[in-house]
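Here subunit A shows up in two complexes: once beside subunit B, once beside subunit C.
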Partner chain A sequence: MSTEIEPRPQDVDVTEDELEALIGDRAIGRDDHLNAPGFVINPDDVQDVLFDLRDEAGFDHLSCLTAQQYQDRYESIYHLKKYVDPTQEVSIVVPTTLDQPVSQSAEPVFRTADWHEREAFDLVGIDYEGHPDPRRILLPETWQGHPLSNDYDQTKPQLVTLSEHENPIQPDHVDSESDTMFLNVGPHHPATHGVLHIKAVLDGETVLDVDPDVGYLHRCEEQMCQQGTYRHQIMPYPDRWDYVSSGLLNEWAYARTAEDLADIEVPEYAQVIRTMGAELCRIASHMLALGTFALDVYGDFTAVFQYAFRDREVVQDILEDLTGQRLMFNYFRLGGVAWDLPEPREEFIAQTRDFLDELPAKVDEYNDLITSNEIFQIRCVDTGILEPEVAKEYGCTGPVARGSGVDIDLRRDDPYGYYENLEWDVVTEDGCDNYSRVLVRMQEVEESAKIIEQCLDLLEEWPEDEREVQANVPRTLKPDADTEVYRAVEGAKGELGIYIRSDGTDKPGRFKIRSPCFHNLSALEQMVQGEYIPDLIASLGSLDIVLGEVDR
Partner chain B sequence: MSRGETAESLQIAGPLQVGEPLLPERISDITGLGEFGVAGELTAAFLAAFLVGNLMLAMTGVAGPWAKRKITAAFTDRIAVNRAGPAGLFIIVADAVRLLSKENIIPEDADRPAYDLAPIVVASSAMLGFAVIPMGSGVQLADPEVGLVFVFAVAGIASLGLVMAGYASANKYSMLGGLRAVAQNVAYEIPLVVTGMSVVIFAGSLQMSTIVDAQTQTLLDLGIVSIPAWYALVNPFAFVLFLVANFAEVGRNPFDTPEAPTEIVAGYQTEYSSVYFVLIYLGEFLHIFLGGAIIATIFLGGPAGPGPEQLGIVWFLIKIWGVFMLTQWLRSAVPRVRIDQLIEIGWKGLLVLSFANLVLTAVIVGLIA
Partner chain C sequence: MSNEPRQQIYDSTAPSTDTREARMGEGLDNRFNSKLREAFGASPFILTKFDQFMNWVRGNSMFMLQFGIACCSIEMIHTYAIKHDLDRFGAGVPRASPRQADVMIVPGTIVSKFGPRMKRVYDQMPEPKFVVGMGSCTISGGPFQEGYNVVKGAEEIIPVDIHVPGCPPRPEALVYGVAKLQERIKNGESSPVVVKPYELEQFGDLPKDELVQKLADDIDEEDLVMRYNWADSP
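Take a look at the complex of A and B:
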């Protein structure tokens, strides 16, 4: 056997020149983004180019697809990354004409493009040729027009009645001769974590196929953000995407993107506060994930759920002291945070330390109650399997990917905030099952506690005259026209990214949200085929989706 | 078994207060109804049944809206109902009014009258079982020789009610719940009965009062305290088996798959509202209590306990509530098993163990005798 192993394409750093050479003649222009080289290609070359980039250059993560309409053309932008190194990015820009917005589908290359392109079709109106399932995804099937296209009349209300819409309780849409049963799980069901509708095809108790129907909570957050000014009016919205206590993490996604776009430096002191706040949110979010997952497996609002909420409550109190709010924090500002730690400072720090001191005992309690429970183990080990390769294909990130052994964490791989200077570890588990995902979240709580501990030490010793919470940012921000940037942070659920194109005004020309839950949910169909109904519910719970973020 | 043999085996089993009157006879004696012949006896029997039935209903009334909430709250660091009356006890009245005044919504495609009968079958099958349970202090409605078989038989009727509810609701979740209920009951009824039979081998009778009397003997004399020969102590293995099979039989955690909220919404009872909902819930609680009563009777010495014999019924109720508390503890702390795992545990585990237990008991009893 040869000892020389050909390095995998992902592991090799690709320079811009090499990319240019790889794409070659197929590039009809350049459209560089702030942090990624951008290549313009013809709509017919999409699969060709993406295959090359994936197989030759190792770009195995289709992070986001942004579709938008200009005065003279439509544009689809594929934001590609590598799972091993998310700082290596490339954008593939595919323009199509106004009168014939047809572009080749990327679905054969990246499975995750399926939902991406459905969303692009739904909201902007680009057709993807060769797409296996060209339906609307967020809006009802009978909706007229595409809300983010230029000729859409946004003032005209649309009535979409149930009778016009596909009847959700129609008896069977499947072959009446077959032995299968069609079952609507949701939109009103005790275990759908919000308003989710899963169309399931069953053979007895075995799940043959699922088709998640999302969009019940769609508010077109992207459009709302496009109507707000960068400086103040957008920041409250991210709190409303993943609304179960991940607020600060979401705000950071916008803050990071906008700060990159407008070239704003954030004072270190503010970064430490941000880091601490974000990790508190992560603990709260993971506690909720743990509690609701236990609810799905245990079948009732049992002790575990209540304990998780009891402990989450402590975090909520700390966050309330810090930000003045329990749910919609609106605490970050471009260039820093709204205000310093609450006075009396010592009390706040002592209170937070108390929580951290009690945490190990609580985690032990959870391990006694949940992870070492034998019934829990037979329920969760080896169910809802998500192989690492499948997870990558579907664009899974966050604890879901890490539970499948995919070692990705933007806090470490694409550092921001104060994470670089702190001691902590990325947790991964190789089980690929529901059990691993629970373990990952429980260990991440402990890692977050480590981070908070270090932040508190720093904040305590920070010289009083250097406590600068906000940089000097102009009242009105007007980034240069046609600057484009895609930036992501590690949210509680995974890679939460935002794409902004500026149009020279004080409002974004295009604001696109890359929701981790959306992509994690798309992998559900792979996880539950052949499993039993209870495992369908458990797998859904282990994905820890929040419909506010899925639907946006 | 002939009459003579019964008497003989009874004598072997222990002291028997032969001819101790049952509750209907006592009532007819006290009220003088016995003088009116059969009609009088019948009235007395009705009165007795009315008393026992209402006792059980009252217990359910306390358990459902109040005790269950309080117990679960204690397990989960909460307070639960505390506004209406002392310790929130008046919530029972409030809930009764609320539940009964709700609109009874019946699905368009429901298969009637099966849909209407199911809740009644579920509730009444459990009630019937109490007819032969000796509750102490002379409270026992009837004492047939086949008492134990009778209890298992009538409790088993509940499965029929669940299936009826399942298919008649015209709801897929109900259907799944109904199917799960049958699969589960079939899988667990056999180990339940077989384990119950091992007690019969000890007692030598199916008659409830005989089984209770057999447990009044002393197992161990420790000077001041003498430990009675309760079958839970004589054969703890059978006791555990029976306990597990019983939880599966009445569909409590971790075996509550026929209802399985979060999976199949509420299983067979998804479509039931108002009075029907109350009846189904009543049935469920009665089944838990009946399960507790059977366990108390054949494993925990029935109404036996310290103090005068008149306190028998108090001890008996305490034992029933003990079993109820156990179900609530499990509900708060144990995850639900999956339906296929449940069936597997039943057929591959409990069934084999219960037969092993039966054979072992037979051998031991045979050797000693």
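Take a look at the complex of A and C:
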């Protein structure tokens, strides 16, 4: 890699004793989670402890911030990881009192804490002292109450304002001194990939500042999951977070977390099917990213866009045969998958192989049409630069981080499923620009094809009497009270993590989703400063956000 | 270059006679069993009402609003794109601006923050306008109905002509829904515009209750607001 990473002792494993010594007296207790040791600290020590953990122990990735309310206190949990080794984890638990829920902000340590803490304030109601921008993020500014706190009354009326979008050329909106202009993009705009609102400040054609305004698709996914029972009622929701047919990847995030929580072993055969299905989803998802990116960059609604959708149709047909649905699969079960490959088995395998055989020619076609296209290169090379250090600060993961040369892929670094036993590579590019992110996605399609090929070989030869698709799982799952776990998988857009706290019933006490798009999107402001406005659109397209997952 | 092939066609009147005979032949020809053909009969004149003619034209050339909200929009794109190709039915030109659109497909969950925006986009469309609600969320809130932030169906905010159920509906289902809408438009039907529970109102016009008092400092009297009465929602 060309980029120099600051010398931190990151790759050295930090033992629990060393962590204890590092945090020292500042730890006022222990609150271990299933995935990591947890240290309870005072609300005044947050920055202090996080700085030490980052600089001296190498925990440079604030993966997730979970906020929740107990009967007697509020709690913020900082889930820390390392980019070099995501299996190294530590949780910092910060309790605050009910009558004064104020905690120190972690924003000076991790830039990504900005949006995390805004969300925690919005939904749970914890104030973060020293936060640079303490506004609501998902709900409208005028909202009353914090919906995930205990005393929230859902039937109370609410008022939502519709402020007129200012006309940017109207004289009184142009600041004559700085000569800047304010521009709204969205929330209903073809280039925003859904319902995103970007407030941009322009100087001529140059972008000075952007402020993504999210929350136009905040569907209360966390509340929905907290109301569902573990066994069957939660699984349909992950499909709808990242709805660009990454369903199985998302379902796996829930399956992995809940299986760890309830200690369920998944049969190997089911793991192979899961791996294959998940990679098919990744191909479908990257195809859409590619098609819409071409649409954004040079308005190509005819060739590339339609080709990408042609290939998506094929993948969706295969997935439909496998799962019974085109988009919202609901195919994973805790402890395995719903059913075996469709009969006739040979036909399904042959059909999938046909798709894989045709894929290299199609990828060549895309390369001819897109990546080797001069216009495309002029638009994308060296625009929307995201330096690796910045990407880490903002908690970027997935193809966005890998396009900036950050070598992280949970499939390899924190293995799950059957990935360990298969031959495939993690794709990284050092360009840090829009072009690299496209290249990463295109190559990942080929890597996914490799994985599917190997899975098909395994499935074909699997002895007929050992095809166990589901483990024995009790009808009602009631994990022990106050067990906490945070687990992540590599979704199509990056690290998709879930935190579950069980409260002894058959429904989760707290269900928190760590969405990769949310944090990738927060890096947009760094990527587009000083760029032209068309590059803002290109950068947004190359981030490949899905608003369902950003807003949840 | 020789003109011979062309000449041959000029020489022979066979092709045009065949066509004419096929058209004018005895009784009705099955190949031309369209409404138009029935109206034409053997004569080249048609008598109709201007309104009917306009409805017929309207139904066969619908401009859709390019409007993606949630999961259903992915299936909506598939409906527009290759394979399903909604354009075959005269209903597949997505317009990016509401000012140019006739039909709005509402593809997904509507949440409180988006409700006023959707109402505004609907208001910006020129009359006559039609709405296809796509997916369970636009019917009742679907799987998110119990959410604190989710509007319980598009009909709380705008009138809907056709509901397409499903989560998400398959592209075929959306094509069917649009075809049904075209049928209705051709017959001159449209759903009655009734007063909806959630309207855009000026803040100053709202009754002075506790919530309005609380927000009085933040919101201008003339600002447009939408007041959600969650308790009254189905």
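Throughout what follows, the second predicted complex is superposed on the first by the 525 of 552 C-alpha atoms of A that agree within 3 Å, B and C clash if a C-alpha of one lies under 4 Å from a C-alpha of the other, contacts with A are read in each partner's own complex, and residues count from 1 in each chain.
The working rule: a residue touches a chain if its C-beta (ideal position, glycine included) is under 8 Å from a C-beta of that chain, and two chains touch if they have at least 3 such contacts.
It should be emphasised that the depicted structure is a prediction, and the values quoted were computed from it without experimental measurement.
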Let's test your reading of the overlay: on subunit A, do subunit B and subunit C clash or fit side by side? fit
Looking at A:Arg310, would you say it contacts subunit B, subunit C, both, or neither? Reply first, second, both or neither. both
One more residue to check, A:Thr97. First (subunit B), second (subunit C), both or neither? neither
Have a look at where A:Gln154 lands relative to subunit B and subunit C in the superposition and call it first, second, both or neither. second
Touch test for A:Asn421: subunit B only (first), subunit C only (second), both, or neither? neither
Tell me the contact category for A:Ser372 with respect to subunit B and subunit C: first, second, both or neither. neither
Taking the superposition as given, does A:Val297 touch the first partner, subunit B, the second, subunit C, both, or neither? first
Give one of first, second, both or neither to describe whether A:Asn472 is in contact with subunit B, with subunit C, with both, or with none. neither
Where does A:Met328 make contact in the superposed view: on subunit B (first), on subunit C (second), on both, or on neither? second
Contacts for A:Gln144 in the overlay, against subunit B (first) and subunit C (second): which applies, first, second, both or neither? second
Among the partners subunit B and subunit C, which is in contact with a greater number of residues of subunit A? C
Note down the smallest distance between any C-alpha of subunit B and any C-alpha of subunit C in the overlay, whole angstrom. 5
Can you pull the subunit A residues that subunit B and subunit C both touch? 189-190, 305-306, 310
Per the touch rule, the subunit C residues reaching subunit A in their complex are 66-71, 73-75, 77-78, 81-83, 96, 108-109, 111-121, 143-144, 146-150, 167-168, 170, 200, 203, 206, 209, 211-212, 214-215, 218-219, 223-231
Per the touch rule above, subunit A residues touching subunit B in the complex are 181, 183, 189-191, 205, 294-303, 305-307, 310, 369, 373, 375-376, 378-379, 532-535, 537
Taking the touch rule as given, give the residues of subunit B at its contact with subunit A in the complex, in rising order. 75-78, 172-173, 176, 253-254, 256, 260-265, 331-341
Subunit A residues touching subunit C - in the complex, by the definition given at the top: 139-144, 147, 152, 154-164, 187-190, 193-195, 215-221, 223-224, 227, 236-237, 240, 243-245, 288, 305-306, 309-310, 312-313, 316, 326-328, 547-548
